[in-house]
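By letter and in written order, the chains are A, B and C; residue numbering begins at 1 in each of them.
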Amino acid sequence: MKLTVETGRNPYVAAKQKRRRSLGSMIVISLTFLLLSALFLAIAYPLLWMVINSFKTTEEIFSNSWALPVQWLFSNYAEAWNKGVSKYFLNSVFVTAVTVFLTLLFSVLSAYGLTRYSFRGKYLVLALLSAGIMFSPQVSLIPLYKMVQALGIHDTHWALILPYVAFRTSLIVLLVRSFFLSIPKELVEAAYMDGCTGIGILFRIYLPLSMPILFTSGLLTAYWAWNEFLFAVIFIDSDSLKTITSGLLAFRDAMYTDWAVLMAGLVISAIPLVLLFIFMQKSFIRGLAEGGVKG
Amino acid sequence: MKIRNIAPYLYVAPSLIIAFIFIYYPVMENVQSSFFSWSPFSDTKEFVALQNYTRLFDDSVFLVALKNNLIHLVISLAVQVVGGLVLAAILEDVVFRRVAPVLRTVYFLPVLISISVIGLLFSFIYNPDIGLLNKFLAMVGLEEYARGWLGDSDTAFPAIIAMGQWQGIGYITMLYIVAIQKIPPDLYEAAEMDGAGKIRKFLHITVPQVKEISFVTIIYTVSQSILTFSDVYVLTKGGPGNSSQVLSTYLYQKAFVDSEMGYASTIANVILGITVVVYLIQAKVFKNGQEG
Amino acid sequence: MMKKSFAVSICIILILLLVVGCGQQTPANTENASEGNEVTLTLFHRWPNEPFKGYFDGVIQEFEKQNPGVKIKVVTALNEEYKQKINVVLGNDNSPDIYFTWVGEYANKFVRGGKALDLTKYVEEDKAWSDQIIPSTLKPFTLDNKVYGVPVLMDVRMMAYNKEIFNQLGLEPPSTWNEFIQVLDKLKASGAIPLGFGNKEPWNGGLYITTLNQRLVSADVLAKDNNRETGEFTDPGYVVALQKLQQLIPYVNENPNAFSREEERNMFANGKIAMMPLHTIEFPYIKDAKFEWGTFNFPSIEEGKGDPSVITGAPEGFMISAQTKHPDEAVKFLKFLTSKPMAEKWVKETNVISTVKGAVNSSNSTPLMVETIGQVEKASDMAIWIDTILDGRIFNPYLAGIQQLLNGEKTPEQIMQEVQEAAKQVKESAK
């Protein structure tokens, strides 16, 4: 696959390139655009499908999967909401929010320690921290369950939050560290001159520059915590403490799944993250990175 | 001075403590349990030394699963890491500046959607009667390729891989976008002066400049690919036959259907072993020690 | 200068410890509250969904009212999640007092591991209660002449047929295999898809084989092979059973391995297929079908050694943990659950067959259900699902083999060879 790449962001350079654009490059650009659009359709259409089908009856989802609903059943949403989504929603918000906060906090601190200082065992620590992403949660269930029992946190939200933080920190540390590494040394030196201390440099120099990656990391942690259900099923007994995904599993019986209501429930559960992403990504990803490093 | 020496340890302490409690303790238990033959329902554990490991080589299902995992790994690296980087570079190109925000938002959305809905969606796409895929093939005159994608031993696993790429590429792309935006523009300007074309700029500036994040995307993709579970579980549960079995689904079957916990732990350790090896190779290739 | 960073780090560690510390107290408190004269039982069942959940909540409320001082805490997880969770909770020391189980090897492994309380004493002491349970449903909960569980519900697999299509073509429900093939031929000639088969979830094919094995292999050989200590699967009837299944391939929808059970049932409900094996627990899901439908027991097979009146089906029920501190209260609850009023309530609210005699009756069920339960009560035995009666190490290759059979990738002989191999390994490990 031949693709054109141009990454100049400087308006001056860009303008110059524009003038230079030949017929050949126009064709390449058009083809690339066509490919991008095809990918857009391949992703957008199925997502639309999900929303449209959440308004059908289960029977209609199967018999008429690709058409618009005969009748738009908003009642699916009402039913999902009443069948527990309302109850599980807050649990999920709490678990997810605390997980994201702790994961980012631990990851940032570790990444900072790992990039700012050189110390004995540094790479061992890095390896130990990041190894969590290589580890399959399925088979660790029995020992983890024992651990959760021993800590006395079984059937509390902490039984989810703490393992989530442990498992996610391993990935996020790597991400944040890789970002920290690319922060120019000069900035740090300058801050030192200004009399900033270790933790001060973290908060005044590193964090403001790292907002895009923190945002991306936070979103991914949130997505993961929000949708996780293996631990959520095993470590939580009480119905009143269940999170949304494990609560929604009640619609998936072996013989019969109430797809209509389940899909409505899943759309509801996807909304917060999707909205969060759509409204915040613009300012985070483009806005901060633009002027940021140069500044 | 003394505090200065322990400061870095304090920064990493919280993460380490929690990792030891919730990751390393279970890992140790796991390594230990792989030397035993035991069921969760019986109190006796029979010591079998390395028997669980030697058994792997005679286990045809395990070998199929391992092969599938390796295929999945290679394709995921090619599509998600290489493809994601290329896609990110294209989206960051000035030419597509106006459409890029919309495109990258949509590309990223599948990452946020629960796997159960995506599984249902793709089982409709692959459905032999009403599926979009067969309809599309008929539309472009390729009816003879239409089939029951998930019921056919030859196509079930490729169909699963395709769904995984569909869902996963947006995430890696996003990470690369964030990384590319941080590359100092003067690097490109300098290359421009030397008369470098887009492809050369991509290869000589973008690729080396995103090295650090590539380290993460590769290790992430590798571990995600090796641990693939839900994709297979929602679409085929490893069938037909065992043609789409992967290590995680097989491990799950051993642990929760066959109650062979020792053997399941052994498979988990194989997964861990593969990832660690990849990690080490990668660390060496990237010379991950040379940062500032 | 560095003091600040030191302090912050310490704070964070403290937060972590505090977090763990906080967690520790919460459950301790609840335990204190439940002590004293009150007895709290944990009930683990597999129905977080309605109407079942509501039924159990109602029964518990009633039970707690009649038995002050006994509280029942419910833990639920659906099917797959139940299977995960039961393995984890029974693998640890504090298992639930009462827990759901299927029958066969699935339950036997709990018994062998000392996880299930021997209920024989209770069953013998209270004949008034135990005699009102249909005996053929209690039998699968028995191992070495000891009762380890109480059946609560029953699921039966019958062949459902579209009466409209049958009437149009002048067809009658077949009673022998040859008649069955004739019916299939006529249906096929008329242009209909005669038989539905959604085998994406391979248990469906496994249940076909459950029935065929029962029809073709003599009962004592089957019993021997279903026992993990003596299973061999060398009887030629097993190969014939797979051949019979193979014989059906031309009559079922194309790509059976690509369709789910739900799609199969929807095809039937939409009149696209003329017949499908249907479970009694699925009856409510096709109540919207726009045609009349009926059921018949699977046909007898001419050369078969099994009793053709045996139905395919299995009870499901509850076991009591051997570690429970309150066995009497737990038994009391199960007795209450299987008392006739509660059983009738079960049938009425869930439309699922109860294992209590007379609980399924014309006041709460369709004639079809009443007829089916009549067969259950008469039956001396039933053919229990292959994927609960056998060890996973045997049924997994079996079911995988059936999928490959349907794809034309394996022969019946090859499949049975693998099953025999698996059975041999299980037999060895059982010693």
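Going forward, a residue touches a chain if its C-beta (ideal position, glycine included) is under 8 Å from a C-beta of that chain, and two chains touch if they have at least 3 such contacts.
Worth saying up front: this structure is predicted, and the values here are computed from it rather than measured.
Undergrad: Going by the average position of its CA atoms, which chain sits the greatest distance from chain A?
TA: Looking at centroid distances, C is the chain farthest away.
Undergrad: Per the definition of touch at the top, where is the C-beta contact count highest among chain pairs?
TA: Pair with the most C-beta pairs in contact: A-B.
Undergrad: Based only on mean CA positions, could you tell me how far chain B sits from chain C in angstrom?
TA: Chain centroid spacing, chain B to chain C, equals 35 Å.
Undergrad: Measuring centre to centre with CA averages, how many angstrom lie between chain A and chain B?
TA: One centre to the other, that is 15 Å.
Undergrad: Averaging over Cα atoms per chain, report the distance between chain A and chain C in Å.
TA: Once rounded, the distance between the two centres reads 38 Å.
Undergrad: Touching at least two other chains at once: which residues of chain C meet that condition?
TA: 2, 5, 9, 12, 84, 87-88, 91, 201, 263
Undergrad: Please list all residues of chain A that touch 2 or more other chains.
TA: Expected reply: 105-106, 109, 141-142, 151, 162, 198, 252.
Undergrad: Which chain B residues reach two or more other chains?
TA: Correct list: 7, 10-11, 14, 18, 40, 127, 255, 261.
Undergrad: Within the complex, which stretch of chain C touches chain A?
TA: Going by the criterion above, the answer is residues 1-2, 4-5, 8-9, 12, 19-20, 22-28, 42, 48-50, 53, 73-81, 84-85, 87-89, 91-92, 94, 201, 261-263, 266, 269-270, 279, 281-282, 285, 288.
Undergrad: Along chain A, where are the residues that touch chain B in the complex?
TA: It comes out as residues 1, 3-10, 13-14, 17, 29, 32-33, 36, 39-40, 42-44, 46-47, 49-50, 65-66, 105-107, 109-110, 112-117, 119, 122-123, 125, 127-136, 138-144, 147, 151, 162-163, 165-167, 169-171, 173-175, 178-179, 181-182, 185, 198, 212-213, 216, 219-220, 223, 227, 245, 252, 259, 262-263, 266, 269-270, 273-274, 277-278, 281-282, 285-286, 289-290, 292-294.
Undergrad: If we count contacts the way the header does, which residues on chain C are in touch with chain B in the complex?
TA: Touching chain B: residues 2-3, 5-6, 9-10, 12-13, 16, 83-84, 87-88, 90-91, 109-110, 112-115, 199-202, 254-260, 263, 391-393, 396, 400-401, 403-404, 406-407, 409-410, 429 of chain C.
Undergrad: Which chain B residues qualify as touching chain C in the complex?
TA: Contacts found on chain B: 3-4, 6-7, 10-11, 13-14, 17-18, 37, 39-43, 123, 126-128, 147-153, 236-242, 253, 255-261.
Undergrad: If we count contacts the way the header does, which residues on chain A are in touch with chain C in the complex?
TA: 59, 62-63, 83, 105-106, 109, 141-142, 145-146, 149, 151-156, 158-159, 162, 197-200, 229-230, 233-234, 237, 239, 246-247, 249-257
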